[in-house]
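Read from first to last, the chains carry the letters A, B, C and D; within each, the first residue is number 1.
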Amino acid sequence: MIKRRVAVIGAGMTLFRRRMLETGRELSYEASRMALEAAGMSMKDVESVVIGTAPDAFDGVHMKGEYLIEGAGGVGRANTRVYVGGGTGVFTPVGGWWHVASGLFDTCLVVGEEKMSPLRPHPQSAFWSIFDHTTERPLGVTLLWIFALEMRRYMHAHNVTEEDIALVAVKNKMNALDHPCAQIASKITVDDVMNSEKIVWPVKRYDVSPPSDGAAAAVLVSEDVARKFTKDPVWIDGVGWNVDTQYWTNRELCYPAYVERAARMAYKMAKIEDPRRQLDFAEVYDPFDYKELHHMEGLLLAKKGEAPRLTREGVTQRNGEFPVNPSGGLLGVGNPIAAAGMMKVCEVFWQLRGEAGRRQVRGKRAERGLAQAWGDLLQCGTVITMKG
Amino acid sequence: MNVPITERLAAGSEVRAWEDTIPFRYEYTAGVAGEKFLRGLRDGEILAGLCPSCGLTSLPLRMYCVDCYAEVTKSVRVRPAGVVRALARGARTFAYVEFDGVKGGLVHTLIGSARVGSRVVVRFRPKRQRVGALSDVLGFERSG
Amino acid sequence: MPERVAIIGAGYEGFRPLVSDLSTRELMFEAASRAYDDASVDPRRDVGSFICCTEDLWEGWSITDEMVPDQIGAAGRPLCTIPADAITGIGNAAMHVLAGVADVVVLEAHSKAADALSKKQIEDLGQEPTLMRPLGVDTDTLAALEMDGFLKSTGYKVEEVDEIVVSSKRRAMHNPRASFGASLSKDEVAHASAGSSPLRKFDRAPFAEAGIVLVLASERWARKNRCDPVYLDAVAWSSSLPWFDGGGFSAAGYAKDSYSKAMRRAGKKKDLRAFDLLEVDDTFSYKALQHLHSIAGSKSETRRVIAGAGPVLNPSGGALGVGNLLEASAIHRLLECYLQLKGQAGPVQVKDARTALVQSWRGIPTATGGVALLSR
Amino acid sequence: MSSKVSRYPGTEVTHDDIEANSYLMTHYQAELKYAWTSGVATGRYLKGLKEGEIWGRRCDGCGRVMVPPRMYCELCFRPTDGWVKLRDTGRVVTYSIAYVNFDASRRQDPIIVAVVEVDGASPMMGILHLLGEVDPEDVKIGMRVQAVWKKVEDRSGAITDIVHFRPLGGR
């Protein structure tokens, strides 16, 4: 039994770029200020702050949550950093949700930040140290290896081709052309993806989202406070999260069971029995193109192995029957980890408020949407559903 | 129902550790405010933020006011002289110094001797040696 | 607080400078097994949410969250990391209960400090990278500066700091969970070697290892299942500006703020006499004095507590006696209070303890901390 | 971004800006050293590797044999019950072909990475390792493989005591 309804009344984000001048604190400030302005609030109206940011190794600051507090407006307030690896972005507003739903706070500013550019020569090097120090790191393992292992297993299980998967990259990069903050929006073809540089086969350059700097934020409030500030609140009606075993080589990789469990938790709360019918669109986590397909199945938006066909048939296009990643996703807008997940939540907010402009799904205001992120060692799912 | 591990190590010779190193190399931008502050140091100036909303002058220079969260775009030159509030004496002595009318302060090396409460000035490196970094300041030394 | 949350079980393992026979995961499993036994819960069936308090890098992982689930029974369940101390952690666990997410929530934190050979470098990485870290000022130096600023601005004498060290070390002699108990004279404390004056050898808590798990439940669930819990009456946490950014030396703003908020949530008047014991952060000796001063509100009240009139201060021996347990520091204080209120604290038991206050701090260079109020 | 907003904050630093030293950057390097206590399960696993053996751990609750071994079963939440010597053969569950190093720099020769289900362990119980003595295009999911061990005197009790897995029966 959930105690209180929680509304989102404002959202904001910075540009997503490969490298930004702004520090993590400054990025957090810019996104927060914009979210507060959109909500018609000032920082003095805010009681608590939830900060989402992924590995300390990216920004190069240990206890990064503590470091970001002053930029995120947390001085004199209760601050909580929530952390589930790459799933953190969507988990950040989930953390804000329980701050308000519990009745302990009436207002919570939620901020997702990531600055991946400080790490040299490449942010990928931080990922070596996410693997088991004794049984995996000595092999020289990289994150790309294991994504490729998962992608290959998914292709094998359902007879999916690389071309099928490339369609996702084509769609999302195209959608991102309408997103003013996008880092790598472009009009490309399946051939472009197929011919792009092989990194870890079957993963090629255009199958992957880029490393980025950026931040995104939203203001969460109780029902009473929402009525004071807006006539048009967006409600968070379902949240779910789940972390599977750390022994990722012991799991069937072709299906993200943890995403399904997180989705079922959120759907139960939101009383969603048929997500394909009851939701209008979804912002599905897409750091790699196959991940969108993989996650659509985990979210029960497609049957196992069915997502590639839906994509081929145009169902997931912005004007399709069930748009997926109308924002342009991580593949088009960029992937500052925790900020990217938060960007998806902001997109759902803007879609439900009818403020998404040219990105508006099927050209009109949507009523119900979902955002999802994935994280840890192919291990964690975070889900939020929202209603206009 | 809940039983701890049933088999534990029983000989010192079985104790083992796996050793490795995680190397990190970073290149940080100073940020919008930090860039301005460091350029100030290069010019031999200490720049503090001036909040247009509540009027607070504070160090270090930030993009936002730590009291009222308004955007801070203006900076003011602070007279590079202040009061020692705390000292840590070791191989090098460090001082925390507050400047007149400014919230916050700076930590840097103490040159010579001083006590808590002493008035000190900021000693900059010779102009041509400055690069736009904290090391453009040599430290604080007693004034007068 | 809208309603109380029950702590229905606790378990721990370790509490030595080096637990050489168990891996981090095995240490956590041992602690979890004992906690679930104490609470009579099955984590696979009864627990609705798991929270682990841990920061990256101390354990040599870039994403520590990954390595948490299996050994605490959380694989395939709602689990998350709250990279903070366990006051923030227990606050979030309480919110899970209050929001209706879960009836039973598990809170875990651990230290495997001896695995990290580059502790100083990890601490340095916590500093702001452009205007602080290039100075080459390490944690001990920052602590020495703060200690100096605190003593000079408040007028407390260094002898009063020594007294805290002496009594904490002595208490720790009797705590089975303490590795750093000692019978020292004030003179020995005062004349111990100084790395960065005024900070001396015994002013900083040495590192230790332990795994600790608490099981929380809604009051309704606890009653229905006939638990004999310790209650979390209120919890609050807060961040202020660090002293070098304008936060000031004399009072720890975060401690003051969270104490006020916690007492308000519990519907109590601000008076430390409401408590039988206090477990106050003493990662550095002077911090215990500063923290106590911040919540006691005056020098006279602070001195009264230290003199032994009123609640017992750090009966466990504190971090100075038990050790710095990194992210498990605050959960250790909660554990000590849980044991005290249950009458299970053994040789360090405070007679007839019914109410306790825990105060914690995130360490240098932060100005974040919290307060939790417990009763039985 | 909301259609109501016209200003998008953020100052991009381009590759050219970096080359031209347009901004003041702070450089920092850290080498974080660790000695991770292996504990009971991993300690025994490493000892086995040194002896040319792969050891798993059995749970009598669910009947699974797990590798890498652990002292607790994550499904049953109970201690595992005994050691099981596995075979050094197995089956490729999935594989990929890496053209980059861990810092994203290019490799001269690609390496083949695989999850290998180890014979004697429960279905889908795999370990991460490399494949060798095979052309990338000849690798198949489901392919039978066998561990190639370092010479006895070169083994140190490490996962790299297995050089790689190769197709069973050779090329």
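In the analysis below, a residue touches a chain if its C-beta (ideal position, glycine included) is under 8 Å from a C-beta of that chain, and two chains touch if they have at least 3 such contacts.
Computed from a prediction, not measured in an experiment: that's the story for all the values here.
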Separation of chain B from chain A in steps, with touching chains one step apart: 1
Most distant chain from chain D, judged by the mean position of its C-alpha atoms: B
Chain B and chain D, separation of their C-alpha mean positions in angstrom: 41
Chain C and chain D: spacing of chain centres that average the CA atoms, whole Å: 36
Euclidean distance of C-alpha centroids - chain B vs chain C, Å: 27
Centre distance in Å when chain A and chain C are each reduced to the mean of their C-alpha atoms: 33
Multi-chain contact sites of chain A, meaning residues that touch two or more partners: 19-23, 57, 60, 70, 75, 117-118, 121, 126-129, 133-134, 138, 245, 247
Touching two or more other chains - residue numbers and ranges from chain C: 20-22, 26, 29, 36, 42, 57, 60, 62, 69-70, 75, 115, 122, 125, 129-130, 134, 241, 245
For chain B, residues that touch 2 or more chains besides their own: 2-5, 8-9, 14-15, 17-18, 20, 22, 24-32, 34-35, 38, 66, 133
Touch-based graph of the chains, sorted into line, ring, star, complete or other: complete
Complex contacts: residues of chain C adjacent to chain B: 13, 20-22, 26, 29-30, 32-34, 36-37, 40, 42, 60, 62, 115, 125, 129-132, 134-135, 137, 141-142, 144-146, 148-149, 152-153, 194-199, 241, 243-246, 249
Chain A to chain B touching residues, read off their complex: 19-23, 25-26, 29, 33, 42-44, 57, 60, 70-71, 73, 75, 117-121, 126, 128-129, 133-134, 137-138
Complex contact set, residues of chain A against chain D: 11-22, 27, 30-31, 34, 38, 60, 117, 121-122, 124-125, 127-128, 132-136, 138-142, 144-146, 148-153, 156, 179-181, 197-203, 213-214, 245, 247, 249-253, 346, 350, 353, 355-357
Complex contacts: residues of chain D adjacent to chain C: 26, 28, 30-42, 70-72, 74-77
In the complex, chain C residues that touch chain A: 1-2, 55-57, 60-63, 65-70, 74-84, 88, 91-92, 94-101, 122-123, 125-130, 236-241, 245, 253, 257, 362, 365-366, 368
